[in-house]
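One chain, subunit A, appears in both complexes that follow, with subunit B as partner in the first and subunit C in the second.
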Partner chain A sequence: MSVSAPPATLPRLLTGMTSSGAMTLDHHFEIHGALPALARRRRDSALALVNELERSGLRGRGGAAFPTAVKVTAVAAARGRAVVVANGCEGEPASHKDRLLLERLPHLVIDGALLVAHAVDAGEVVIAVDEQATRAARATDKALRERSDLSRGAPRVRLVTVPSGYVSGQEAAIVNFLNGGPAKPTGGPTPIFERGVKGRPTLMNNVETLAHVALIARHGAAWFRALGAYGEPGSTLVTLGGAVAQPGVFEIEMGASIASLVDAAGGPTAQLRAFMVGGYAGTWVPADIGYQLPLSPDELREFGASLGAGIVFALPSTACPVAELAFVARWLSGQSAGQCGPCVYGLEAIAAALEQVRVGVGGEGTLAQIRRWAALASGRGACAHPDGVARFITSGTEVFAEELVDHAHRGPCAGCVQRHLLPTPVAPTAQRAT
Partner chain B sequence: MTSRLRVNWIACEAHGMCAELLPERITLDDWGYPIIDERPIPPELEAHARRAADACPTLALALAAERARRR
Partner chain C sequence: MSLPLAATVGPSAYWYLTRSTGTMAMVLLTLSVVLGVIDVQRYSSTRLPRFIVDGMHRSVSLLAVVFLVVHIVTAALDSFASIPLIDAVVPFAGSYRPLWLGLGAASFDLVIAVVITSLARKRLGYRAWRFTHWFAYASWPLALLHGLGTGSDVKTTWMIAISGGCIAAVLFSVCIRVASGWPGQVGLRTAAAGVAVCFAGGVALWLPGGPLGAGWAKRSGTPTSLLRPAAVRSPR
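Right after this comes the complex of A and B.
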């Protein structure tokens, strides 16, 4: 595509981002160049874009790491006028990259959405944002009103705010919500690329994925591949939290080690006990092993881990991992959509048992129960929420076996009294009617 | 063509009839929800599996032909 590709350095997506406020459309075009002209013969330019995406090896950045070109091709081939959904709901409490993109760099996401909409000949584009991410929604709305290119035969683009919740950012939950139902993952038997929003073929991409599309369309697949490895090319956004000097969102080369990420954040602020990788459906890794881990989906899979939506959390040795696990398990249990028995009762049982272990009631038998319930929860629901919780808890019981046994026998430790470090969404202050 | 048991977890209300009718492949968890043996149903169990699926009061259990499975 473009012949004058910028050098293969970082940042890419985050180029020109300021510490507050959204980048204007003029500034955006100044930095990245105009959107490539979409040929009058739609099929030709659509095919060219899909080919470029395929060559780029781009995979989804929402957690599943599914090849983007395959998704686009499936929707393009499905019968009926397609709908594109840019998923910016970001239900993982430890992730901030999607709302960062929408808040500061909304035009990258809009570009990407328009490009894939062109590729699948969509008649409608929906940008889905968590209803509590008000800054992201406002910035996106403002950005949409800056775009004069949305008037000339472009698909209708609308911003939709989706109820907050850990599972409501799931593809099936958003489709359900856009179809007038609750934001719950009530997946039907038909995949959404055939029948999704309004029964139409639906292409849903994470907003970061779309931001990458915006740059691949401008600079080409070879440019994208100049960073990362063959199977895992490009850059990726990672939210690093916990005991580091400057927690936040970082753009890294795919496959960079956790050690280099922690360095980029100014180093650890305490001795680290473990890393949580991939969010609350992810895994725990002891700190010494974790530092060496390369952040890429394939390489993490070998460790039984996953990058998820690009989340790393550094847990310091001063924190009590048992208290952290118990706290998150309780929160995740409350985030169940309440549709499936094994999830409703299983997660509740796990959360209650973890709290029992923490306070020293029930002994090691309770620990064994937790592992058994976690194993049972997996694969027995309409969505993968119980599977994710099971993975998170099971790896936690392995990595923190010593601390758990200690609590089971002796009860709360000194670290238990601290405020927990792992985040859950802060509920907005209730508006009092006067 | 083999078949496997599939549960619609949203529909399942833990009546437990399936485990009564097909104990070879279905047990119940601590709350009465089925734990399904995922292996294909052999011909000698096919009729029992069909009966278990038909007996489910909420039609949550299905005997699905292997090739009809989706990922």
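Right after this comes the complex of A and C.
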């Protein structure tokens, strides 16, 4: 598929990205080359693309790490004209990679969306962006106007802004919203690859996944696999936050260690206590173990962790992990779609209990209760929100057991009064009141 | 981190051989120094008579040379970094980590000088042999710094343990040696012991910010063409 593949070095997606402004279409084609010519018979080039995706081993970059080729094949085989959704909603507060892509490199995403649309013969492409990510939406809109290849015939491409929220970036929530409902994850009995947007087979990919598709279609699967590990090839975007010299979005070789990521960010700015890996549905890892962890879905799974949407947060020893946990638990409980009892009441109870432990009211009994409740809430929602929160809190109680017990006995610590380090888009009301 | 590299470039068997023989050579050189000191102290017991110590000192040293030769040849054969054989004997001339490779070359030269003069000791006379044998004390720290400065496994726990063990063994031997010899020259002995302790302390202070710290590959003078970043930051 490729004529002459570029060398197997980083950056790939971030090649040619400047410190401000979106890359123009001309510059984009200059750097990456034109889109490969599509065969006159759609089926031929569609098959070739799906084969290349399968050989590349590309897996989704939205958090589930599902093989992209399998998804594309399922939609292509489903009955009816398909819809493609490029998911750039990025509900994780600690992640910035999707809005960065849309803001600076929108043509990579558009290329990828057009390619998979071709593969599944979609009549419509939707690019979904968080309504608060105004710069990303504006850049994407401008980029769409630049594309002359969109004016002729199918597919129709449109930009849709989706209400902000932790759960509204979920596949089911976006489908629900595009169908005229609220941006809440209401799981229907049929999978969206059969009945999704407007009842049509729907292919939804994270925008970073589509950006990788744009490059795989140009340079081929072998080029893609020249970086990364056998089961998890390629590069991936990671948002690194917390106590490092230069936090931000990084493109890493799949399987690179957290240590090398922290190195690339200019090293830690304080002694680190732990890493949060995978976002607010992810896990905590003690710093000494964390440094050695290879960042790839399979390797992390062996450790009971997940890469999520590519999020790493370095928590310094100066911060109070109990306050951070309580703060995020409160915010996450407020982010429940309010559809299921265990989620609404369970997460609320867990957040309240954590606050009790923090101020030293609850005692160690409350600590045990938190773990029990987390296990109870898990798996009892229409979506995986309670599962994610349970995982985040449970791993937090394991890694920060010492600090939690200390708080349970002695109440607030010196670190508690500091500003919270873990990010949330809007401070919860309880925090604003003080 | 060698992991992603290992999976993609497919490191050659040469690289593994270079690392293992290099480590073994370091251990053998350390053993040789320790045995040499035991030898010159005229230590003996029924379980370790002097002729055994003497023979072991010789065998271990010669074995170290064998390992060093394999270490050097495999490093030159490995295609990852092109290290010409000449760099193994002419110090500080190459392009790959010149300082740290150069220390290894200098150490090798000294070891070769010590070994050749020892093999030709009968023809050479005692004084010349004795003079060159002092090189052993110089070659050992050079070899250690070479290993720490450019070894692939420096950051691993087992390698830190091996290096620490080697340093402790040689430091102990040197202290024994200066404590028991040259009764007339107290100043010189104190200075020698001071240099040895300062060297060990200096290495301990240098390691965390040096080879164990961030970005050592770059700072140690690896050609940029070989540095494949594992992570790239987006522009601000």
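By our rule, the second predicted complex is superposed on the first by the 424 of 434 C-alpha atoms of A that agree within 3 Å, B and C clash if a C-alpha of one lies under 4 Å from a C-alpha of the other, contacts with A are read in each partner's own complex, and residues count from 1 in each chain.
Note that a residue touches a chain if its C-beta (ideal position, glycine included) is under 8 Å from a C-beta of that chain, and two chains touch if they have at least 3 such contacts.
Predicted, not measured: the structure shown is a model, and the values here were computed from it.
Three-chain overlay on subunit A, with subunit B and subunit C fitting side by side and no clash.
In the superposed pair of complexes, A:Gly381 makes contact with subunit B only, with no contact to subunit C. When both complexes are overlaid on chain A, the residue A:Gly341 reaches subunit B alone and has no touch with subunit C. In the superposed model, the vertex angle subunit B-subunit A-subunit C (Cα centres) comes to 120 degrees (nearest 10).
By the touch criterion defined above, A:Leu332 lies against neither subunit B nor subunit C after alignment on the C-alpha atoms of chain A. In the superposed model, A:Ala8 lies in contact with subunit C only, and not with subunit B. Counting the residues of subunit A touched by each of subunit B and subunit C gives the higher count for C. Within the superposed three-chain model, A:Glu251 lies in touch with subunit C and out of touch with subunit B [touch as defined at top]. Closest approach of subunit B to subunit C, taken over C-alpha atoms in the A-based superposition, is 33 Å. Taken together, the two complexes place no residue of subunit A in contact with both subunit B and subunit C. The part of subunit A that touches subunit B in the complex is made up of residues 186, 189, 191, 339-343, 345-346, 349, 373, 376, 380-382. Those residues of subunit C that touch subunit A in the complex are listed here as 1, 3-4, 7-8, 214-215, 228-236. Against subunit A, the residues of subunit B that register as touching in their complex are 7-10, 12-14, 29-33, 35, 70. Across the interface of their complex, subunit C is touched by residues 8-11, 14, 17-19, 100, 104, 226-230, 238, 246, 248-257, 259-265, 267, 294 of subunit A.
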